[in-house]
């Protein structure tokens, strides 16, 4: 669906007059035709400004490197911008970490194979050896890194080694281990987890059991970036499904599977399309 | 919509074979034609059984009192049932407690006036004097019972006196005071509160502010029976609405108003139609 | 919620490079600080471009008239723009037309009274005399214009006379008469109707009965601008609610009431906030 | 999830007093303990009555054949019932018919493999040869039956031959051919189709294009039993997703894929669990 000849510019900076004019003028002057633009300001007086612009590259009057250098000097520096540009023809790479259940993994594999997700999956890593066949059927290498309290440090070193230089994004597709601060800090803002509850309700283990015991009438799923605080990172996507007294805990797990797949896929899509900006512990999802 | 000539039988008891047969046989034998029936069991072996049966009264071969006495002896006692029967022609009476905001109150008043809710509202009580005109425009007496730490005990005594013998149900339509254990125990299972979050997320004060700060992508509302544990009572109804980074706290309050009205109305409807059974800290809503 | 010191600029024109740059540069140059902006293009090559920009007026270096004149010449003409600017301090005026049911009318009246809708309602007009008291309780004049085949022409003349110069928007809040082409053309793009089905399903009369007979599992409501083709105008908002075999036609009408209120309110809010652009028989809702 | 030692009894008959009593008394007398029961009546006076009862078999005092024979004589005949009983340990068999797209097929295959669907898939049949590998990876035979106007009759004969005696249910998982009346009548009430719109809106070809051109704000999917009237059969399940002016036809197709998967899966689950009763052109889904 995405034209390979496009780029996405993501910006955040203190809000003040003239930002849109400066950016759009710069793009226009260099032959970059704006296809889509969205912006948000937490407060026009002294707040933070966010913008995503999608533009055509084909009539660019300079190289990409020159374009970026010029943007940094002419626009980004005066406004104090954090910014990055992503080119549609530079395909992202994503590792998937799993444990025992396959539904989230399969959802991601299908969407990549069907072309819905514009990403490569160079490897799948698991602390169990159960989903090897499922993964390899898609022609993707599977690595089994069992984790025990004794081997955790060593395994995480191996995990980091496997990821290093090979991925832009790490997706925890029902990976039931807590990543160490080293891994989290190495991929800050680039690890997406799916939590099987409507956070911040039911933090921690067994959220479906917690939901059953509390007698809620909706259960949820939450995709968020991983931080050092368990289940506390910036939320990207959430959804819920209606339940009643009729569902057992096992039924809730079943209903939740569908939610988890959908919500994780939605969050991964937003990340891959460079539609997410992190601000403090929250996200702007354009 | 409801035929005045019907009754609703609500039952809970330990599950064991023969309950449905016994109840339906009893009703049939006495000329009570079943119009609708729903049942639920937490576990067919040793769990709790719940049933709601709606039946026509017109061909009843005995008086209502005789019918109930016979049911108690012939069916309820052998199975150890908790049970009650509600007759559609015995209209329920409901008090509404409010503070400053009118949206939940108006929703209830309008549904009563339009005939959607089969209930009388003999009085509205508030700790503020703001919604008197709104209430009286519907021809309903309004009582102002201001609450301060010093006067709380006295006011609650007045509250109990006002309610005594006049209401079957108390609805807290954004009433921002905590009821004392005396009031709660006097109307156990008959006080419905609307909490402006998707419980158990954001218990306590300012849930919209909490939701804004956590950056959730859905906000919710929860209607529940009031118990002595704040925001911990059995949940009757919940719903959510999608929000994003674009909404300020004030916007969330606006979105929430619609949710609160809808969810509270749904819970009150379920209670008025005798579709709710409380079991421990949970509900069965048929 | 809206700062009175803001304006909204709505633009549509053939898409081509430089539009955003030109508009934002113009606004910046005149001291109009952009608060929010959204854009859409049906096709960057030869399609139609739409934009909504919200900006602060307080530092404007010219009068509003001068600002508009300059914009027309410097920006709008070269790009062949259709455009308009709405100032938040120029409160819109809305007529409501009703027949017998009050739920949509009350929803609108409440939202105006509570300040949620930034609009005045100078009059309510009905072909029945049933909702006079409801309307006048809000201090709003009510006009009864009964319609029969014989008097239709005359009544529409009266209707036009009542509206003339007094309203910017006409809302059909379950008004069960078809407006003549004269009225429609006089208020083109400014008459909103609520249809009680998920259009284009169940066009015409008795949609809930049609829905019941078809056995659908969801019923809907649709708010749209009125055109000369019945139920065929540009759709602004739609929503649905889940139903089942349990609901009678009367139950569907009850469920639908809630939908109609919500969907109509959402569409009216979008129109009042100048978030809707009509393009052919479709809308862009920012 | 389902206990193999259970059975489901489905009944429909003219409503009259005593049905529930007779059925539940019969089950109780034969040692069949009721686990769940749901009923519905279109009208207690002269309407049609529907019931689904789930019961334990283990304490049955007779063989299944004796049980059914006795039920037919003692209960079904006097009440003029249509009825059937399904035993959880008699696993159903389902054929899947597909054309070119794999998302609905994969959803079904995955739910069978994961144990969510209690069914065997003895074969997948397609008018194209594209999904052979996908199917065979699940160990399921794939048959390619190309259809042209000339060969249609012959192919349908082959189709019937392939199905004969091997399946209880036929699922059209985006099968883009119209089945002949012979096939439809052979499997009446046992062919489920997924239509990619919210029926009855957008009957026929290219519903996403129709939806795009009408400018709807929600798109839908509908699972229904196939009858001789195209897209007119009894609806089992429907759902919708929110869209806006931003989505192209291709985007709608993408959003629709998720809807189609979910809605088809929900309908197939209901059929497999014997929760659907057909009545005229409508369904009762317990």
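Order of writing sets the chain letters: A, B, C and D. Residues in each chain are counted from 1.
The rule is short, and it goes like this: a contact is a pair of C-beta atoms (placed from the backbone, for glycine too) under 8 Å apart; a residue touches a chain by one contact, two chains touch by 3 or more.
Model, not experiment: these values are computed from the prediction.
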Co-neighbours of chain C and chain A - touch as defined: B, D
Copies chain A and chain B touch via same or different residues, half shared test: same
Pair in A-D, B-C or B-D that repeats A-C, with over half of contact pairs matching by residue number: B-D
Label of the chain whose CA centroid is most distant from the centroid of chain A: B
Euclidean distance of C-alpha centroids - chain B vs chain D, Å: 37
Computed distance of Cα centres, chain D from chain C, in Å: 42
For chain A, residues contacting two or more additional chains: 40
Touching residues (chain side chain C, partner chain D) in the complex: 40, 50, 198-202, 214-218, 220, 234-240, 244-246, 281-285
Touch list for chain B against partner chain C, complex: 1, 102-103, 106, 110, 114, 116, 137, 248, 250-251, 254, 257-258, 262
Chain B contact footprint on chain D (complex, rising order): 17-21, 24-25, 27-28, 31, 33-41, 44, 56, 59
